[in-house]
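Both of the next two complexes hold chain A, though its partner changes from chain B to chain C.
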Partner chain A sequence: MGDLQLEEIYKDFPSHRVVDGISLSIPQGCFYSLLGPSGCGKTTTLRMIAGFDEPDRGLIKLGGRTLNGLRPYQRPVTTVFQSYALFPHLTAAENIAFGLKRKGDPDTARKVTEALDLVQLTTKADRLPAQMSGGERQRTALARALVLEPEVLLLDEPLSALDPKLRKQMRLELKELQSRVGITFLFITHDQEEALSLSDRIAVMHKGRLEQIGTPQEIYLSPATRFVAGFLGAVNWVGPVGVRPEMTRISREAPGNGARVVEATVNSAMFLGDCFQVETRTSAGDSIIAQIAHGLGEFQRGERVHVWWHPQDEIAIPQ
Partner chain B sequence: MKGRLLPLYVVALYAFLHLPLLILCAFSFNSSRFTVWEGFSLVWYRMMWNDGALAEATWNSLLIAAVSTVLSTIVGTLCAYGLWKKNSKLLSGSLYLSLVTPEIITGIALLATFQWAFRYLQIQLGMHTVILAHVAFSIAYVVLVVMARLRTADPALEEAALDLGATEWQAFRLVTLPMLKPGIAAAALLAFTVSFDDYVITSLVAGVDSETLPMMLYAMARRGANPVVSAISTVIFVGLGMLIVASERLQKA
Partner chain C sequence: MKRLRALFLLPAWAFTLLLFLGPMLIIVAYSFQSKGIYGGVVEPWTLENYTRLFDPLYGVILLRSFVMAGAATAGCIVLAFPLALYIARSGTRKSLLLNLVMLPFWTSFLVRTYAWMFLLRDTGLLNSALLALGLIAEPLPLLYNDWAVIVGLIYGYLPFAVLPLYSNLERLDKSLFEAAADLGAKPWEAILHVILPLTAPGMRAAGVLVFIPCLGAYLTPDLLGGGKSMMIGNLVQNQFTSARDWPFGSALSLALMAIVMLLLWALLRRDGEELL
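Here is the complex of A and B:
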């Protein structure tokens, strides 16, 4: 047991460099997310940790022990695949028992029962994957990987195949599960909301490099680069300064007490259900979007307004 | 207009396809030796049943088909698996070349190869050469069918098995092979039919002890219309037809 460490990992595919010098350290028991856009090398990184691919350079260590060169079945990590990769000819219970049987675990039957119970699939134990719903398949895949009590569980966009409603529910279950079993989770996603809501720490990846590592608050509130700021949520850029739409206010009268103010014209106002989204344009031509609560007044197109925010809400990118 | 033409077209097409076989089948139950209907009879089936040479040829055909099916299914399945893993267009393409090579050319080439080899080995044409030839031309069919199944498989399945502690061999035996089972069974049935059917290649590489059913039928048919030939053909047609239907079912499973 111990921390998972990647030291200066590089991986080239014939066409280009996919992982470009990644170093990170994942504390034991942490819910750690690797967040980045499609094609940035997340899956490739995970495959090198699992042992399906070998890095061209760099070390992968778990609790001080080097994993490089070990076959997947020799590594104390298991994977929840994006496609789940459940064995189609085996039932839920048999899928979960697969790894225990390979180890010759004498406690297989009891552990399978417990794992089924953990993911609330006891009544579906004898179903084949084809007879299960998306959520049930997802839970089977989780149980199959967790039952081996790995030191690290790798999850490759495990929620992306689910419909939005189930996704939110599974997100809660996943978080709950992780705190219950206490195993290190390395969670891969391109969904910033998922990463923010689940993680203890997030590493933001872009074009094979890490842009920033930090807690969800740090990443969201003090992004280190423009890419991170933009990837985690919408940003209004006013010159070198950024501010999130939900921190942006609009009023007809000029605000006092040290607020940063820009004069602008309302371009459009949209009702989004939980708030109004007002798009304005400054005389310099910048577009500034504000999300304001109901009851803060309605604004008409063409109206002259003051757009403002508190200086502490500004995103300042270190140069 | 369209409503009436379409059924007519279908009937005509199926008649064109199957009428000759139906006629053949009908005359196998004719009591006359000639192509004039005289009455229902099983006399030709009785003659077929009592023909010793025919029984031997049938036995040869079944034995050859069975042995070559087992061998070509094993070799072909492993070959398909390897091609799928390596994902090489060149290798799979050159394999399918053997499907479009005219049978007569394949036969002549095999014969030449055997004769060349016999200069160094003290053996002759016979059952073993027929079986080898059948294995050679069945493999491509097996690969084709098994590959079709593999292409729909999730490549992550074997990785999942490795991830859960299986060795490469266990991953193949416990995950890939069971998943391929319907495809392998369908491939075996197809290999069996193409082996049982074959005349051209077989007649070229057969020895004195290895006359097969198609070879015997061909010889009998050349000697003129013979209702026993019709009876045998009917039995083969029905038997192989059932195998094909079974194979279709398996492929869909």
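Here is the complex of A and C:
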């Protein structure tokens, strides 16, 4: 057991460089997310840790032991695939038993029962993947990977195949599961909301490089680059500083002292259910969007307003 | 529109009725008549041709045919599986390799079977080479026996086993192999526990596609078996040629057809639309 370390990892595909010198240290027992848009190299990074691909340069270490060159079946890591990759000819229980049987584990039956219980699939043990719902397949894939007690569990966008409502529920279950089993989770996602809500730490990737590593709060509130700021949520850029729409206020009268104020004209106002989204334009032509709670007034198109925010809510990108 | 669609079916229907069903009915009629002295059929109508089918002599030939066709089918599948797996994982070279598998079809089956005779006979390529190398003192009896027939059948029908297995393997999600390895399966374990079970439909399709033509084969046993290795196809052929017993030949071929249809029915019942 120990930390997972990536040291200066490079990977080229015939047409371009996919992973461009990545170094990461993932503490044992951490829920760690690799967040980035599609094509940023996050899945390739996962595949190199699992052993499906080999890096061109760089070392992958787990608890000080180098994993480079080991075949996937020799590595103490398991994977939850985006498509789940459940064996279609095996039942949920048989899928979960697959890895244990390869190891010749004498405790297979008991461990399978426990794993089924862990993911609440005891009553579905004899179902084939084709007879399961999306959520059940997802949980089978999780149990199948966890039952081997890996040092690191790799999750490749495991929630993306689920419908939005189920996705939120599985998110809770996943977080709960991780804190229960205490295994290091490396979670690959392009969904910033997923990464923010689940992770202890997030590494944001872009074009094969790391943009920033930090806690969800650090990444969201103090993004290191414009890319990170924009990828984690909407930002209004006013010159060199940014401010998130939910931190932006609108009023007809000028606000009190200490606030940053811009005068603008309301361009559109949209009711989003939990708030109003008001888009304004400054005299300089910048668009500033504010999300304001109910009861803070309704604004009409063409109205002259004061757009303002507190200086501590500003996003300042280090130069 | 509906009428137009029906019209599109017409050529195929006409062809099938005239050239398939017609001769079929003639065969059925023949099988219930008596043989003429110089071939052909004459009255009276009789069931004798069918009762003759149960003569043990023919039972033995039928059994032999089953064993030979079964051996050839097993041989084809054993050879085709690794080949199909290799092709399915060959990326951009897939279509080239598939075309190479089909290449033998570019020449006549008869010519290719003669080529095997040149390979296997006493003064053939194989025996000459072994003699020249001093590995044997006198030619091995490679031609004119059951083994020669089975080798010939395997050679002739191998592509029919490769294609369905290939299309089965090609469709398997690549991440299944990765998942097997990820869960600790060595490559041979992944093949045994994941790929083989998931290739069962392809195996059945390959089995049917090879077994049926092998069961009725007459050219290969005739040329490579040298008349010593008679299969049911040769028996049927004989009835229409040297034996001049068209009614019995008709009854034999209908019996063979019935057996094949029974087999197909049993298989199709098992995995429905998956086959072929």
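Some notes on this structure:
One rule holds in what follows: the second predicted complex is superposed on the first by the 319 of 319 C-alpha atoms of A that agree within 3 Å, B and C clash if a C-alpha of one lies under 4 Å from a C-alpha of the other, contacts with A are read in each partner's own complex, and residues count from 1 in each chain.
In this text, contacts are C-beta pairs under 8 Å (C-beta built on N, C-alpha and C of every residue); 3 or more make two chains touch, one makes a residue touch a chain.
Source: prediction; values computed, not measured.
For the composite obtained by overlaying on chain A, chain B and chain C cannot both be accommodated without a clash.
Shared-chain residue A:F81: touches chain B and chain C both. Of the two partner chains, both chain B and chain C are touched by A:A50. By the touch criterion defined above, A:R301 lies against neither chain B nor chain C after alignment on the C-alpha atoms of chain A. By the touch criterion stated above, A:R65 is placed in contact with neither chain B nor chain C. In the superposition on the C-alpha atoms of chain A, the part of chain A touched by chain B in one complex and by chain C in the other spans residues 50-52, 71-73, 78-79, 81, 83, 85-89, 98-99, 102-103, 144-145, 148. Contact residues of chain A toward chain B in the complex are 50-52, 71-73, 78-79, 81-83, 85-89, 98-99, 102-103, 144-145, 148. Chain A makes touch with chain C in their complex at residues 50-52, 71-73, 77-79, 81, 83, 85-89, 98-99, 102-103, 144-145, 148.
Touching chain A in their complex are the following residues of chain B: 154, 156-157, 159-167, 170, 174-175, 178-179.
Those residues of chain C lying in contact with chain A across their complex are 173, 175-176, 178-186, 189, 193-194, 197-198.
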